[in-house]
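Below is one structure, written out as structure tokens; the observations come after it.
Chain naming follows the written order as A, B, C, D, E and F, and within any one chain the residues start at number 1.
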């Protein structure tokens, strides 16, 4: 039932000027993330006991608008939950997320200023941010996995689509984004459209299934075509690869 | 049981196992240098105040302080004259999340410089934290698997180096070309993450070019 | 961290409706009275002081909603309270002038007051003909006087020491049509009076009988001061009326407070 | 305001001295630069400095503050809206009525006067007909505020800086307060002049620039000329290319010669409704220290001002029929000044750091013996502990301590404000003086 | 060669305590320049936010802060220009960096700033050149030590870029009209030398044409330098006559605080 | 305020000394460019340029809008360069730094004012409808010579871009979606490139003590921090100068500028060929088709 064509791909620490960086592409999105920090925060921003987490989301085309600001707000509040902000008082951790490829709907000419929904991009942004943070070796309490699910009705029967395409989103009744920590806790949920509490719970369940199929944390559950890629495992393997390459000489 | 993974740019001086439960440290090359007591660092003097030098360890971070008396034989009467832009090789004497790090260029126990102090002339290269860590290992060749320096040395090049935990390497030699070669050798080893054999090849190549 | 970045609003702004003929005011008010004022303090718990003001309903109604924060800000150079009023530039500037006189600044060294006035609905009588847009100025006076009153209530509510509660009032020289002679009215409603010749808005400290801010504009005939003085007096009366409301409201608040303790 | 004029630091002693010397009643205030209370700073002025503009002027004060004003005019199509027609004609009629009324009989309203006023409305209409409005429609010359665009540029200040905005609005207000000015821009029913006034403070703001800017603007407007209209009635306007033939926006006249001369000029002027001999507004800065009223205060003086107001006046038509006119000595020109707008300026003194007598030192608080509070404690501050704790402190704060200057608190007395305005308007007063002065500048 | 700088107007020349200003007029281009300072570095921070700065003497000297204000009425058809118009900012930077090469900033110490406020009252071509000349003239007048005048001039080339005819002869000091039609460049040299401090060419032109244009411009610069020098000397004599020279000394001593 | 650490005195001295003797840290010749790479996205109008450690990504987008009233027969063409903290924390969002202003101005002059893109061809209905072509330039990694790399990226992206096809029946304008009709390329007139020369003072050659200016091409960030002045020359391979900018800085002999300009022509020709070749490769790739997924993966790198 998934529409994901290719599995997630990631590339870490490939930008030279940033402290940490990651390129993540999945479900039609390609996003480049860079993390700088901990660096000196500007006086007017600094928090005495904690690090300031600043998120910048930049669209591929056009200057950021309300849409990006909204995403930034969501990301900022989510990420500072998992970053050990208290480790770096008065410091600034700066996360820049550059969208390079967003799925285009072949059937409409998209305007530069897209007034359409913010949500579908969120999971990709979250993944990128987490990877970039790890590449920058910023202490985290947990990693995140996130998924977007569209609830659609086709010939009477309800159907939940994981990682829907632009086309499917158009048709969907409601759209939901969830993010879970690697402990399996729900850390972010955003929904828009029309849905009943019951529906939401079902979707939550399938999202949980998708993001953290096994909160117990053993790794041997790899990609499963039926449920789409297991991002938790993916994140882990990416990190393992990274560490391995860092310590190639050992 | 789930292991809380915390990535940190460098291993804390002693062991790889921290007292805290459910927590291990994973080394990685990336990230920004975070001062830890005992680290040897190379800093750039930013400016000097009444009895402190303010030293930059890395871009965009607040300066570390280096007391003007924390030098060998330094006294109220004769203090070292360091100007903005000078390089200094120092040890982190105080690192605390709530305060700017503090440096020293003298061993508090012996009162000797032990190689610390201003670095004149030469060239400063930026290297990854991982490479810095490897170069700083007691037996960098065996443990750290960096043989370029030894190779260059045995190739008959005369040069001196100092490595800072903050991802800096200082190279000096009478012959400018030598400095260039050493610099390139290390940085390429770092960027292309070369294995021992490749390092040797690289050195041979560079030395040939030089001649 | 404070978002200092540009926010592009949604594309395609909406314009307010314009009705082609002015709706007649529901209640005709005598020219020697001001519209009834509803004032309530302490409506925004998060702020250190706040107030809400609404005018009696004959259209158009104006409501100011002030929330106000007293926060410790390190301000090098200034060792006194400074008001930062965020509103329409000029309005804010004038309001600031009006309030600064009342606040006893040196009681709060090195700290600042942020006064945020939200004009929920202004007198801009949208349903009057376009041609009245020139009268924006007149309307601004009404809004300003409201802002002054509501702000001072909020300041008092915040317990910031003032020499007295400031109150704003407007009086105008109007004439229905060019046949009848112009008359002076308090608290003019732009829509009601076909044409306003001059108006003046003052911020007034009744007990000290002092004026912290005055804004007069319009065309007064000749060099004679009489009309001008009359206008001023009238607006002072308006201020006193407004002030009574403030005092009353504040007293009630105090009573409540004592009632609890 | 503190942003508009650079903040200057004076020692408490200096402040106390300034305040003291300025508030002397006998022999009157002593100003740092030895000026008389109603004396303006010497200034040099010239016009027509910018060939590319319709009018331009440059004034610099002796203290070095300097401003340049350029006026540019463009022909613009008038949007035809029924409302504007109605409103503006009314507006205008009312105005013409209001004048004679107030001039005589102090708002005694007898219908007869209304009669005669409507009459003089009519004959003004005739003027317009001469002025080339031959159209059958009894169309009155009218104007709309958005025919004028005024911009102020202060070095080092952003355009949206509140100070700049305030200045802009005050200058605009003065210009538009009486509907007269915009009417000068009327060409015919379909077209009007769009006038751009760009006011630029060249030097850094050494003192509060308002008066300077206003005077410069006034001068520039005096010097402003519009090409002579050649076309008839409502057809697309055609203009005389010959700049020499261009007519002044404010018709010139030697002040003594009466109506006749300027009447002829006027009929030639495009803006027919312009009342004879009317002059653009000027805005003066007046401040009060103690009981003294001081004009054109310098920065230092403002630093200790109790209150300051900006008063805008303009000169309206001066008609022979004025009863008072005889009483005026022949030497003083008959100027008929209108009060256009008054605004209190936030005196920087409020921000000037005060000198502190020991009694009010935070350390000394509470140690003093209580006296009866002279100010009302606001109910709020009463129920709020902080203020109530040290009422005695409040006393000393409000009491003046000799030799210590304190930032003024509260506002200005009603009478004082009135006096200030009156002083501006009085015959042979400062306003007239200034107007005469500017009149003197030859318009190159 | 015709250099239309004949109509300088020094009527407004004024020297007082800390401010000097100069009305320079080149053709119909009318520029006024005011030098303020040197004063505390941080003063420049809050006030002139839109100014472009450049450190002199490799950061060891005073900083130059240049801000250009183009009056809305300067051009034929009035246009309002935003403070941070990129074109203006570019010119500011060019002037700041250009002057930094000439000014002996170390006389003032690193924490001081010299503000150069340029007001364009009327604009008719060769704007950048005009601005540069005005600024360096004002700097000299302000008694700021400089190695030499920084002088600038525009040079154009007849016939459009497409035609590659070598016959096209260069011309000097263009006005607005010429600038719109012909390819041209602005050249700023250090005094009478051939040393190029700043060079800006914004139009499409054959590479072969460059040398000719530069040569012409360089000549123009020399002429401009001589002119500026003349102006300064005249004023010097004037001051001596008026006995104002004593005041001049006060001024120069004030600079050094 | 996050500030960039100044290079230490040792670095300054050493690099200058090395350059005077004709050496660079990475062993390049003084007039040698770093490894240059250019990749196109699977969507039209995305160019990803890598020059040593400098990396720049440009994306071109088109939309139908109303032309400016003062030029009814022209389309709208904008290049936006917003440097994000990604390149360096020194770049604050919406606080254009001097670097940014100069960069965007140079691109403006090089690409826009030199009519590389025929804006009249973007006009659909005079005074009513036209194409608005927008180039967004993202600096992903900043290690010097932003200008040259950016210019190349912009030109490449524009030449790679395809805008939706349109047709006019009577006075009704139809814009076809990619699904309906294959998009069409822009009408491109010439390809200008920027070459930036960085000057490092002079050395005296020969015993007559004649001074000669030293200059570098394609400087790294460190080198740029030490240069005394720079000069950017833009031209196309036909030897037409589109723009020359030497924004102040230490003076340089006029002769040197001329020498630079002729050398620039050589370099421009190389770059021009490089881009042509890459474009050719890409189109060949596309014609094969069916490899989009692969491409996208490639693009991510």
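Simple rule for what comes next: contacts are C-beta pairs under 8 Å (C-beta built on N, C-alpha and C of every residue); 3 or more make two chains touch, one makes a residue touch a chain.
Keep in mind that what you see is a predicted model, and the values were worked out from it rather than measured.
Visitor: Please report the smallest number of touch steps linking subunit D to subunit E.
Guide: Tracing touching chains, the least step count from subunit D to subunit E comes to 1.
Visitor: Please indicate which chain is farthest from subunit E, where distance is taken between mean Cα coordinates of the chains.
Guide: A
Visitor: For which pair of chains is the number of C-beta contacts greatest?
Guide: Per-pair contact counts point to C-D as the maximum.
Visitor: At what distance in angstrom does the C-alpha mean of subunit E lie from that of subunit C?
Guide: 50
Visitor: For subunit B versus subunit C, what separation do you get between their C-alpha means, in angstrom?
Guide: Going by mean C-alpha positions, subunit B sits 64 Å from subunit C.
Visitor: So, what's the distance in Å between the C-alpha centres of subunit E and subunit A?
Guide: Roughly 53 Å, centre to centre.
Visitor: Per the centroid of Cα atoms for each chain, what is the distance between subunit B and subunit F, given in Å?
Guide: 37
Visitor: Quick check: what residues of subunit D touch more than one other chain, meaning two or more?
Guide: Within subunit D, no residue touches at least two other chains.
Visitor: Would you mind listing the residues of subunit C that make contact with two or more other chains?
Guide: In subunit C, the residues touching two or more other chains are 5-6.
Visitor: Where in subunit A do residues touch two or more of the other chains?
Guide: Answer for subunit A, listing residues that touch two or more other chains: 36, 39-40, 63.
Visitor: Mind listing the subunit F positions that touch subunit B in their complex?
Guide: The touching residues are 2-6, 8-15, 17-18, 21, 23, 25-27, 89-90.
Visitor: Mind listing the subunit F positions that touch subunit E in their complex?
Guide: Interface residues on subunit F, with respect to subunit E: 96, 98, 101-102, 104-105, 108-109, 113-115, 229, 231, 235, 239-255, 257-258, 261-262, 265.
Visitor: So in the complex, which bits of subunit C are touching subunit D?
Guide: 49, 77-80, 82, 89-90, 92-94, 96-97, 100-102, 104-107, 109, 129-132, 134, 137, 155-165, 175, 177-182, 194-195, 197, 200, 203-205, 207-229, 232, 236, 247, 250-251, 253-254, 257-258
Visitor: Could you pull out which subunit B residues touch subunit A in their complex?
Guide: Where subunit B meets subunit A, its residues are 1-2, 4-9, 26-32, 34, 59-62, 97-98, 130, 134, 144-146, 193, 195.
Visitor: List the residues on subunit F that touch subunit A in their complex, please.
Guide: 1-2, 41-43, 46, 53, 55, 57, 59, 61, 63, 80, 82, 84-89, 93, 132, 134, 136, 138, 140-143, 164, 175, 177-179, 293, 296-297, 299-301
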